[in-house]
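By written order: A, B, C, D and E. Residues from 1 in each chain.
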Amino acid sequence: MHADSTNTVTATTERKAAAVAAFKDLARDPGVPKPDPILVVDKVVRRFGGLTAVEVEHVEIQRGSITALIGPNGAGKTTFFNQLTGFDTADSGEWTFNGRPMNGVPAHKVARAGMVRTFQLTKALSRLTVMENMRLGAQRQKGESFFRALLPNLWRGQEDEITERAEDLLTRFKLAAKRDDFAGALSGGQRKLLEMARALMVQPELVMLDEPMAGVNPALTQSLLGHVKDLREQGMTVLFVEHDMDMVRDISDWVIVMAQGAVIAEGPPDTIMSDPRVIDAYLGAHHDAPLSETELQEQLHEAEAELEAEIEEETQK
Amino acid sequence: MNGVKIVVTTESGQPVAEATTNAQGTWQVPVDKPGKYKVTLDVATLPKDAAVRGGSNVRTPTVYEGNMSTVLFALQPKGAPGQPAQEEGGESSFWTQAAQLAFEGLNLGLIIALAALGLSLIYGTTGLTNFAHGELVTLGAILAYAFNVGVGLHLIPAAVIAVILAGGLGYAQDRFFWGALRKRGTGTIAMMIISIGVALFLRYVFLIFFGGQNEAFAQYTAQPGIEIGPISAAPKNFVAMGIELLVLIVVGVALLRTRTGKAARAVADNPALASSSGINVDRVIRIIWTMGGAIAALAGIMLGLSQNLKYTMGQDILLLIFAGVTLGGLGTAFGALVGSLIVGLFIQLSTLWVPPELKSVGALAVLIIVLLFRPQGILGRRERIG
Amino acid sequence: MDWVTIISTTVKAAVGVETVLYALAAIGINVHFGYTGLLNFGQAAFMAVAGYGLAVTVTVLGLPFWIGIGVGLLAAVLLAVVLGIPTLRLRADYLAIVTIAAAEIIRLIFRSVAFKDVFGGSDGQRGFSEGFYALNPFPEGDYGFGWFTFNNRVTWVLFVGWLLIALSCLIVYLLMKSPWGRVLKAIREDEDAVRALGKNVFSYKMQSLILGGVIGALGGFIYGLAFASVQPDIFGTETTFFAYTIVILGGAARVLGPVVGSMIFWVLLVLVNGILSGAVEAGYLPFMAPTQVGPVRFLLVGIGLILLLVYRPQGIFGDKREIAIDAR
Amino acid sequence: MEGAQSALLRCDELIAGYLPGVNILNGSDLYVGEGELIGIIGPNGAGKSTLLKAMFGLVTIRSGTVKLKGEDITNMKAHQLVSRGVGYVPQTNNVFPSLTIEENLEMGAFQVPGKFKERFEFVAELFPALKERRKQRAGSLSGGERQMVAMARALMTEPSVLLLDEPSAGLSPKLQDLVFIQAQQINKAGVTVIMVEQNARRCLQICHRGYVLDQGRNAYTGTGRQLANDPKVIELYLGTLAKA
Amino acid sequence: GGSDTATQPSESAAAPSSAAPAAKGDGTLTLGTLLPQTGSLAFLGPPEIAGVDAALKEINEAGGVLGKPVVKYDTDSGDTTTNIASQSVDKLLAQKADAIIGAASSSVSESVIDKITGAGVIQFSPANTSDKFTTIEDKGLYFRTSPPDKLQGRVLGDLVVADGNDTVGILAMQDSYGTGLADQVSKTITDSGGQVVERVDYDPKAADFSADVAKIKAKNPKAIVLIGFEETSKVVQELVKQGMPASKHKWYMVDGNTSNTNYVKMPKGTLKGVKGTIPGAAAPEEFQKKLMATNPKLQDFSYGPESYDATNLLALAAEAAKSDAGTDIAKKLAEVSKGGEKCNDFKSCVELLKAGKDIDYEGVSGPVEFNDAGDPAVATIGIYQYGDDNKYATKALEYRTGNIAG
């Protein structure tokens, strides 16, 4: 259906080309080594009581690429992010970022090293204005040290630069009008936007977005995708979790699929989306079929029948 | 001890007088000037099998004008010199003491737990850190006192009436005060400070009507203890502990199992969503307040029964109540029980090593240490990030 | 009724020693709680270690006044560190209890018979303020106009006290305007978000705890110097509660909130008392015994507190919008 | 407006907001006929969620009325609406974190405890993951799992009107499909559904009528198909990323 | 010299003149009370205030001081935790108090002494026992009629030993009153050959006292000395509970807790045979009736006598000084308290004064003779014993009088 879709027409730029080239000859196996990995993960395991939330054997993230991480609900994607970014302690495992071992490193140091994540359930700093939220993201602020903070002259200049950058981002994220409102007064979607914009203020090397577009208006999503691609042009690596397949297809260079804690498949978007295992575990048969009224009836029945079959299967398991 | 020779000299050694004990073992020496004297017991005149306890046979009392000064030589059977302390009659061993203290710890811990349960329930459902909870405890005790001593009822019916009345007052408090504040959207911090105001208000109302002194219920005061193994306790203690434990378990289980109990936890989590699920949030909160008030009152009565009543009695244990609630894990009913028991036990048991004036220090230190290893409290659960 | 007495005592209370010392304690709490969200209920302990640090250094060790001040400040910093290392990772409400507990431990130790030689037991210590009054530039006499006068000692204490308040407010103002303050405020909202942005949350919390603690310690000094003595029980939980009340009255996370809150609090306390006892003395309240003035005063203060917060939950300077954001 | 008179649920000239002096809804109208499936779409911050909350008594309505079957329910408490057969799935904070999944669902059936067993079996069939995990505390669930719980909780009663706020957000494509199909099925069974969605195209495909909300006002209304094909709507609200 | 040294009325030094020149000060003796109406010592407030009121009533009935009725303002001292004493003092100073009676708590007194004496006003405490006040810098304006703990401690210690108790446990309230008294008792006992096997200082605000009592129990002493205020009734309950009733161990109490109201609800005989010491030469019964007349709701009488004496002494000293100014009164306080014709109420004393005699006021709380530091120098201690009804007989077993300093 999407063989000649127009959305791949976006101007193919250097970085994109580089990324595509890098991925071109790669095997489609889970855990395949990449030519220039920024993040290398080995044998990360996290259990909650009897439940193994994450059990990743080996995964590499290519530098300068946009990688999507997909998988059914409860596959362990967020938990995996938590391990990598120091918000939770893995039961075992090792990972390196830019060659530097990162297990056991506290969250703020991970972020400082250039690996920044967003939260799926947003964490707006409610009683700070949207602008302050943004400014907070900036790194190496002179005014963030106690003694220098007392002398405004030392940090005013930098603050202005930061503000400028923040304003830029806010405009892109359609939040400029909310600049001076408390972040706690934002709608669900706006919080998502702020969450992502704030992470970008950090100017990280690797940005890890946890469902950035869930709940964001599709028209806005579309315009933001351009921005994400820009990030790649600026040399940033993007790793994101998303359930919106249109988006995954549109911007990702590489897709990693997780299920039940493990990586089950890897590959370029198109390949992955036609992978029967992925369709079976994740996409479902009709994920991109239009639910137009004419077809609807039959599809409904079909889907139902399928579902029932599946449920039976599962209950038998 | 008859016939023991006593020599009295001045401090510098000039002899003043000598005396010999009479049949009762007493003696008397008149001195004419006030000052320090030296009194020596002539060991040689003691019977063969007796010795002066502590070894020294010299005492140096100071005699003041117009008064007599008594000098005492305690005698003991002569024994091996190295081990006098062990033989002293009646000293209880470390373990008997520990057993008694453990019992006291349970006794106190259960009372705290009862008070803590009320606090925890209210905190759990409304997010209110109620600094006036101590006053609710006092209120129960004073109400029971009013019916007991004022009206002249026996303590048991008086207590029942007080608990019911306190429950009603708890209801009224939410119906007319806290509920109205919630409706206005008053934040939890503002509510917390308001509760400090309420505490002040109530406490001084009590002071005006009850007075500043200690009082006791008409029955069961100073009930003589009975010995059970290493423990000596009054029968009222056992009955009280039984009631406390029963109430704690019943309420705890009710919270876990009954529909209203679950609804209470749901309201605690997310009032708006609870309302959206068809729960009458105000009604649930009122039930909780009613129960909280009644349980706090019961705690007050139990405290008054085991100790005495005073207008600050609740305030004085408020910190322990908070410690219990926190140690167990905020907002969990069984947590309050476990936490309070630990607090009670540590208060008492720590006196085996620290001076009793510092006994709260022991319990509070344990609180800090436990939270170091379990920041979410003993029964609390960690929240998921992300 | 003797209105002159009532008004004069009230007005003097508005700037008096208690106002000063509670304002300082409250400014510290404002840094902790208002800006950083640290529910530190052990502020009294910071005042206590400062007051006792000074007292013990001067009286027991016989060292000069300035060294006493140094020791007091150091003790406050040390307390912040010792208290902070284990507790700063606790959730806010747990932190509250732990800090109360720590403060009570400190108070009980100061008051214990076991350490009476050092801390003076329940009577505390005195006789360490001479060094301070020796610096008094105001010659003997009264200062002020009309009935608004203070003697030279009080004037000196108030002068220093208000200077310290001004200084503290200035520092808080500068800091909270700065990126440093922004991090604190962000921590108040959500630590994890701040961590994810590469800030060392623990370090900031610790800095906040130290800063607020040291400002509170200044309050402890003022107490010790103004009353020429320290007693353990003044540093009990009540003091912290009152200081919190003051912060909320003035408006949390507002630079001048604690100062105004403190003034309101003491004015309320003194005014109510003045009017009440005036009325009783004048026979307007025949049902009330003079001894009931004390309890009724606190009772009314309780009601006053409730009404203030019911009708202005955000405090005097607070922003209503801020309260509305997070009504749980 | 055909059918507006006989509407099951109708809002007129709603003005509502959170902070004093700031109105989020600026006089929006909406009606739903019995058995209709209505979609509401619009940019972030348009006031969609606020509209639902206002209807459901969770945001104070400053002026305007909400009527259910002719009865004025303006500012009526949520739990009273539940007993009148209205169900609601909030967009955020839509589970009780310290309750287990089972208890969450029990709360859903709070007013009809007798039906719990039967309904539980029903939702467990829809979301098998929930049944497996019935003893897990909702607070530890993943985003998508929470969404399932939220949806399931609302389905525990058999409401006659169902308000859904972005029910598909955070769900895997497979489950998103399921949600839309379910919404349609429920609707077919006679339940009136009002659905706010950012998965706008999907939403418009299945709904009878749609509203486009912008800045607290109705910007466009029409049948789902009309809206989905309106170039203005596409440009401003739907985007071209996912094409029908 | 003790009260047993009968002193001859000496001629008064000052030339008496019945037509006194216009009094210095403002002519009206204004007293302020700074006594606990709230806080942890709130139970001490009513008897103290009743003491002041009883004295005032008699003074004003006898024509007041310097021809004018004495004016009194009451303020709350709270306890140290609330810090309101200082505000109260401000108010009293604004109301031109010449002398302030208070505070009850040594700690509170310490915190305001600078303020009061700095304003040239007398601070007269009926209850402070901390020995700090002996040496404190007070410009000669601090006085107290507090119970003479040193003497009481000695008498009690002696009593304990004389009753043949070689092992003694002390349970003392942990504040300056309790620890001071306990120190003295314990020293006396040790000096006389008794053995203090356990001494427990307890926090009077503690949730319960079981551990404290258990510590005593562990040592099983023959005698138990209970030093404290009304919280002693809790301690008594605990002693009974833990199997150390007064019938098995000898209990001793002090003035703070020897009470006829606190224990009456206990089973008959709980306190039978318990001895307690109370300063003062007279059985307190009659005086207590006097206090009840001003406040019928009184339950406890602690420091009532001391407050009464303080008020009388201030009034008499003002008369003697012919001035109501604090500094003038202070100079005369010692003089009216000793060396002269004995008298024991305001009316008779003031008549003697007006007749130009030197007087020696003998108070309800004891002979009250001030030394240079403003502390009482001589005292009488009565020893009382409880009967079967848990009340002590109004007649003391014996009285002992002596120099406090010793």
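Note that in this section a residue touches a chain if its C-beta (ideal position, glycine included) is under 8 Å from a C-beta of that chain, and two chains touch if they have at least 3 such contacts.
Computed from a prediction, not measured in an experiment: that's the story for all the values here.
The chains touching chain A as well as chain E are B, C. Of all chains present, the one whose mean CA position sits nearest the global mean of protein CA atoms is C. Each chain gets a centre from the mean of its Cα atoms; the one farthest from the centre of chain A is E. Greatest centre-to-centre distance from chain D is found for E, with centres as Cα means.
Centre-to-centre separation between chain D and chain E, using Cα means, comes to 76 Å.
Here the CA centre of chain C is 34 Å from the CA centre of chain E. Distance between chain centres (mean CA atoms), chain A to chain B: 56 Å.
Annotation for chain D: residues touching 2 or more other chains are 18-19, 140.
Counting only residues that touch two or more partner chains, chain C has 108, 112-113, 192, 292, 295, 298, 321, 324, 326.
Within chain E, the positions touching two or more other chains are listed as 36, 38, 42, 45-46, 174, 201, 203. Listing the residues of chain A that touch chain C in their complex gives 85-87, 106-109, 111-112, 116-119, 123-128, 132-133, 135-137, 139, 141-146, 148-150, 152, 155, 159, 182, 184-185, 198-199, 201-202.
Only residues 86-87, 89-91, 93-94, 96-98, 100-102, 104-105, 108-109, 112-114, 192, 237, 241, 244-245, 248-249, 252, 292, 295-296, 298-299, 301-306, 309-310, 313-314, 323-324, 326-328 of chain C touch chain B when the two sit together in their complex.
Listed in rising order, the residues of chain E touching chain B in the complex are 2, 4, 36, 38, 40-46, 154-155, 158, 161-162, 164, 166-167, 174, 191-195, 200-203, 205-212, 214-215, 217-220, 230-231, 233-234, 236-237, 240-243, 245, 262-263, 265-267, 270, 297, 299-300, 400-403, 406.
Touching chain C in their complex are the following residues of chain E: 36-38, 42, 45-46, 49, 73-76, 78-84, 86-88, 90-91, 94-95, 106-107, 110-112, 114-115, 118-119, 130, 132, 136, 174-176, 179, 201, 203, 295. Those residues of chain A lying in contact with chain B across their complex are 78-79, 81-82, 87-88, 119-121, 210.
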